[in-house]
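Chain nomenclature is as follows: A, B, C and D, assigned in order of appearance, with residue numbering initiated at 1 for each chain independently.
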Amino acid sequence: MNQSSVLTTQDVCSGYGTATVVRDISVDILTNEIVGIIGRNGVGKSTFVKTLIGLIRASNGKVTLFGNDITNLQPELIARKGVGYVPQGRGIFPGMTVNEHLLLGGYLQRDSKKRSKFNKLIFDLFPILHERRSQMAGSLSGGQQEMLAIGRALAGGPEILILDEPSEGVQPNIVGQIGEAILNFRKQLNLSIILIDQNASLISNTVDRAYAVEKGSVVAMLDSDAVRDEEKLSKVLSI
Amino acid sequence: MGPLQLFLGERDLGKQKSSLIFFLAYLVSLSIVPMVMGDYEAMNFAYFLLNVPLGLSVTLVWGYCGILSFGQIAFFGVAGYAYGIIAGNLTQLPAYEFIGIGGGILSSMLLASILAYFLFFARVENWIIPVLTLVFTLLLETFLAQTAGYQWKIGNVLLGGYNGMTGIPSMRLPWIDDPLYGYSFYYYVLTFVALVFVALRIFINSKYGSIIVAIREDSLRTEVLGYDIRKWQFFVFVLAAALASVSGILYVQWGNYITPSQLGLVAAAQPVIWAAIGGRSSLLAVSLSTIGMTWFSFTLSTQGNQLSLIFIGAAAVASIMLFRDGIVLTLWNNVGKLGKLFEKK
Amino acid sequence: MEIAPLIISLVYQALTAGAFLVLCSIGLMIVLGMMNIINLAHGEIMMIGAYVASLLVTEGLPFFLTLPFCFLVGVLVGLVIEFLFIRYLYSRILSALVLTWGLGLIIAQGALLIYGPFLPSIKIPFGSIEYGGFTYSIYQLFLIFVAALLVALIYFILQKTELGLKARATMQNPEIASTIGINRKKMFSITFAFGAGLAALAGGVLAPTTTIAPFMGTQFVAPAFITVVVGGATNIITGTLYSAGSLAAIRTPIGMYLGSFAGTVGLFFAALILIRLYPNGLASIRLFGRR
Amino acid sequence: MDRNEKDITVNTENVESDGSTRRTFIKGSLAVGAALAMPAIITSKSAQAAGHAAAVKVGHLEDLSGNLAVYGVQKDHAAQLAVSEINAGLTLKGGPVGSGGLGAFGNVASKPPLMGVGKGDLNYVNDGGGRSKEAVTFTEDDEILVDSGDDGILGRPVELINLDGQSNNNVWQQLTRKLIQGDKVDCLVAGFTSAEREAIRPIVDQFKQLYIYTNQYEGGVADANTFCTGAICEQQVIPVVDYMVKTFGPRIYTIAADYNFGQLTAAWTKATAPLVGGEIIEEEFVPLSVSDFSTSIARIQAAKPDWVFTLLVGSNQSNYYPQASAAGLEYPMASTVNMAQGYEHRRFSAPSLNRMHNCVNYIEEIPTKRNRDFVQRWYKMFPNDPYIGQMAQNTYFSIHMYAKAARLAGTTEQEAVKKALESGMSIEAPEGTVFMEPATHHAGHYIRLAVADAEHNVQFLREWPMITPWWLHRMGVNLVGKKEYKQYIPDEDPYFTMFGK
């Protein structure tokens, strides 16, 4: 399959108030590709993806989706254009049931046939969600909540999915499960995925390549061989 | 942000030298007021001035500690009533007015501590406090409104129900025979209010002030640092009640009269509006806006048309929409900006 | 006196009082619970509803047909207020409080200037029925029905419709909601307008039982706020129901045996004690826990 | 708002045409009179220019905005009407009749009004109330507004300084200080609620200001500087309780506003009901904030009274009437406040106030020619007003009465005017003759028992052409002889304390 650009950024800068956190980041994500964005705590990875999806204003630079400029659009518009987001800390709605989360995510997908197809896929990937579909999300375990957040984002049928720290606060065996699921639905849905994480095994098992970020800038591009090398990875992640 | 943030570290306007000069000029101009005005205008101005501690009490709990209270007017009222009861019963004693003042402030603080226990030790959510204090105020009003008969006679003072308590003793100084009125009452109020103001400013800029502001900014972090925020909130709330009660006592000494409707719904919102309009995180700004708003309301009512409430409402709306931090504070900061521009040039 | 009619009368009174509390507070509860805005102009919006009903009835429209207009005018007023003011104040809950206080004053005094001190009252529809020495107003029974219907309707909207789900998601986490395609601003506008519409509708429904005057809104403020505070903002439906129910159940027998003053004071104290026991509101009690 | 002409002119068709022609004639003659008087006005103007005829200042303080504006605006309009008439050289008939003035009105009813005669039966003038047919003693002038022979007051124009109390007692106190000390008004007319009056009375007394309180209230103010021209309990409660007990039965349920007015009026009811054979079976006091009455309605039904005495005040509490009516509560009702003050019979749809009885000193519907003329004058000046309440009429005649007193005193110097007002002034008000009782500073009123029927038409069942206030006499008050500055309450009267609260 010919790989074309899904999401690209050019020299994106952003931050909070007067403090700039993200400095001139340019990335390019191709179709059906899993790209990691890795780096230590507080280097600006999350700020960068929040800029991508419109939660934080870019003070400079440009974000394009399939060649269309989406810089600083409202987050809901960006979501409707096909950018799915699984936030750090999962961002589930504790007072709503599992089913309601999937329904909410599904509203982006106007085609009801596709919607049921996606729902089926989600329940296949994460059977536990089906089991607990009428339970309040707030009462789920961390790993289950992470699955729910992923499911919610998938339900909308995104073209590109952004996962921010899916392994955070999740038991190691579940992390593996999530990694498998990521590979699984990438295959089934032909998705592009941006994965931000600090878990070396999750990164090396799933991503095709990765950008290493330090102090708000991209310092290196790790190709597929480099990301398989866990030692090298941990170096980037822990320095 | 610039100049605004420069001021953030300091807990009131007027810490810098130039602003200190402003504060002194403010005080001096207030003390000149009676000289350019008649006896009765001095009495009127005394009314505007005696509301300042009430405005400051909202500034303290809301602006500095982040607790919005509609109950300040209740403490104002309780102190007024308590002063009336105590001073009214002790007229035989020398300096009974002072006993009344002390008793008034103490009764308010006592009531505030009971209420504060319910509020802070139950750890209710923040938004509940304004609503609950409002309900408390209305309860007090309902109770006082029905105390008309002789069964509500305390000593030889009648509570008076909805019609209010009449004949509350005026202020009298031990070495002067006549009760204070006009000019002398004005200077008495000015002295009292200025002392309260200065004391409060010293307090708020002390290390205790830092703790209080820290609770407003991030209560969780403050708690982690080892401060029992409930105790601090309790303390600030009771202190604010003491401030409000100063106004309440000065008020009954001014008008010799208090009614339950003075602690009603309309009255309860007033000090909050003064604080919001002035800029609730500054004592100086709120003292100015309190005088300004009471004057504004008085001036409107002398016009004899039906528009006064509309203007007061519009003032509240405009100050919120146009001046994010309150009129006085915003103007002050911008004047500061202008001053900086001149210095550079 | 026979015991059965007395018990029925007490139940009727409690339900009436509960319905009154629900009608007063439901609009306020939605705006507060969903948007964290304390709308001090709530009573005035109820007043607008009553005014719409009275003016239309004077024009010859049957009372029940005026109710949709009450709702619509309320929605319209809500949209205007939201558009002009509230949308700039979402993160500033306390500023919104002062602002709505000012708006309330302007609306009430404006109504006084435009329409004079009173509007003609609306004749209470239906008659009364008698049982065991007590008579019951059919319209009060209707009000109980309306209150129940409104609660059920809101429950349905919030739980079963796309709009309701989106609104709840926005209420729980507006940022995350926006990342799954929900327009936060639109949801806030709709919620505020809906809350105002409900307030105006409640004002319209209560209009026949009240004096229709510019400052009539103040009578609803205290009951509405007490209900909301006791209920808590975590769950609109259970909060309103538990709170209105328990307050009415406490107030009615006290009022019946000791008189209105004791009933009112009992209501306030019940509120204080319930808050001490359940600082996060009665809604935080889960009768049907799913844990 | 449309006024319903029919309501005002109850059973008066026969005099209608006659009255209107006479009215036009009077108008014409007034115009001629004014033309003739032109030189006089010019001279007075020039005299004013000469500097010794500054305006007479009448300070008028009422609530023009806020909750109580309903009543305040009416009173403000009444003051404007009175002042404009005074400045146009008109006055209400009447004058000093001396402190024996009361007797002069003995001819009003067929039998003289009796007080406390009979075996424990406080037999008021209800037997005397009906007009005597044989002895045509009841003569009431139709035309009460006559030429005063004066420009304004003593040749000085009257200036009305009307301020807005904003329904806020703090503002009231400030504005009173402004009027007294700042504007130095010659006469202060102010006050709707008793709380407002009590808020300003200390200031009034401090400056010995001549002050007229025009509202109906619970009674008891004995203040050398204050003249109360509204009706009080002994004028309103006793006649209506007497009538109700005799007509409907002795079992009374009192539901009253839980504040001074309601509690004190209820105390009056409790103390006087036994005198006329009535009995209070239950008293309920309702806080002013209550607006949902289902519990009270059930209590009334459980008590099964013969009639209900409703002393409910304010717009929240008037909700009682539609709610009780909808609940099918059909007991006869009596009140001292409703209809005459808040015109509930106009605002609420029938039959909420069916069988509501009230002894009023004024109500817009009074079917006399003098009142119809007054109503006409009023709506000519304020065509959009909804109703003329009793407190508005009181303000109207009070300002005229002040003008008369000042003329009598020959000066606006306040102590002299107070003396003049203590001379036993009588004035022909729209309600009938009003007599300012010197010793108590309260007014004797023409009291009518008005009742609303199922269609809310007002009828008058009885009339007491003069009931003078007596309770303060009983308390030993004589303000002419001994100055006092307090408000007596029934708790101070041993008779009342027998009944307790």
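Remarks
The working rule: contacts are C-beta pairs under 8 Å (C-beta built on N, C-alpha and C of every residue); 3 or more make two chains touch, one makes a residue touch a chain.
From a predicted model like this one, the values you see are computed outputs, not experimental measurements.
The set of chains touching chain B and also touching chain C is given as D. Annotation: 79 Å between the Cα-based centres of chain A and chain D.
Chain centres here are Cα means. That of chain A falls 53 Å from that of chain B. Chain B and chain D have Cα centroids separated by 40 Å.
Residue positions of chain B with contacts to 2 or more other chains are 138, 142, 146, 306-307, 309-310.
Chain C has residues 109, 112, 218, 222, 261, 264 in contact with two or more other chains.
Chains touching one another, given as pairs, are A-C, B-C, B-D, C-D.
On chain C, the positions that touch chain A within their shared complex are 162, 165-166, 168-169, 172-173, 175-184, 234-235, 290-291. Chain C makes touch with chain D in their complex at residues 1, 6, 9-10, 12-13, 16-17, 20, 109, 112, 116-118, 120-124, 126-130, 133-140, 208-216, 218-220, 222-223, 251-252, 255-256, 259-261, 263-264.
Of all residues in chain D, those touching chain C in their complex are 1, 65-67, 69-70, 73, 258, 284-287, 289-292, 294-296, 298-299, 301-302, 304, 315-316, 318-319, 322-323, 325-329, 343, 346-350, 352, 384, 386.
Here chain C touches chain B in the complex through residues 32, 36, 38, 40, 85, 88-89, 93-95, 97-99, 101-106, 108-110, 112-113, 218, 221-222, 225-226, 228-229, 232-233, 261, 264-265, 268-269, 271-272, 275-276, 279-280, going by the rule given at the top.
Residue ranges on chain A touching chain C, taken from their complex, read 53-55, 74-76, 79-80, 85, 87, 91, 93-96, 100, 103-105, 107-108, 134-136, 139, 152-153, 156.
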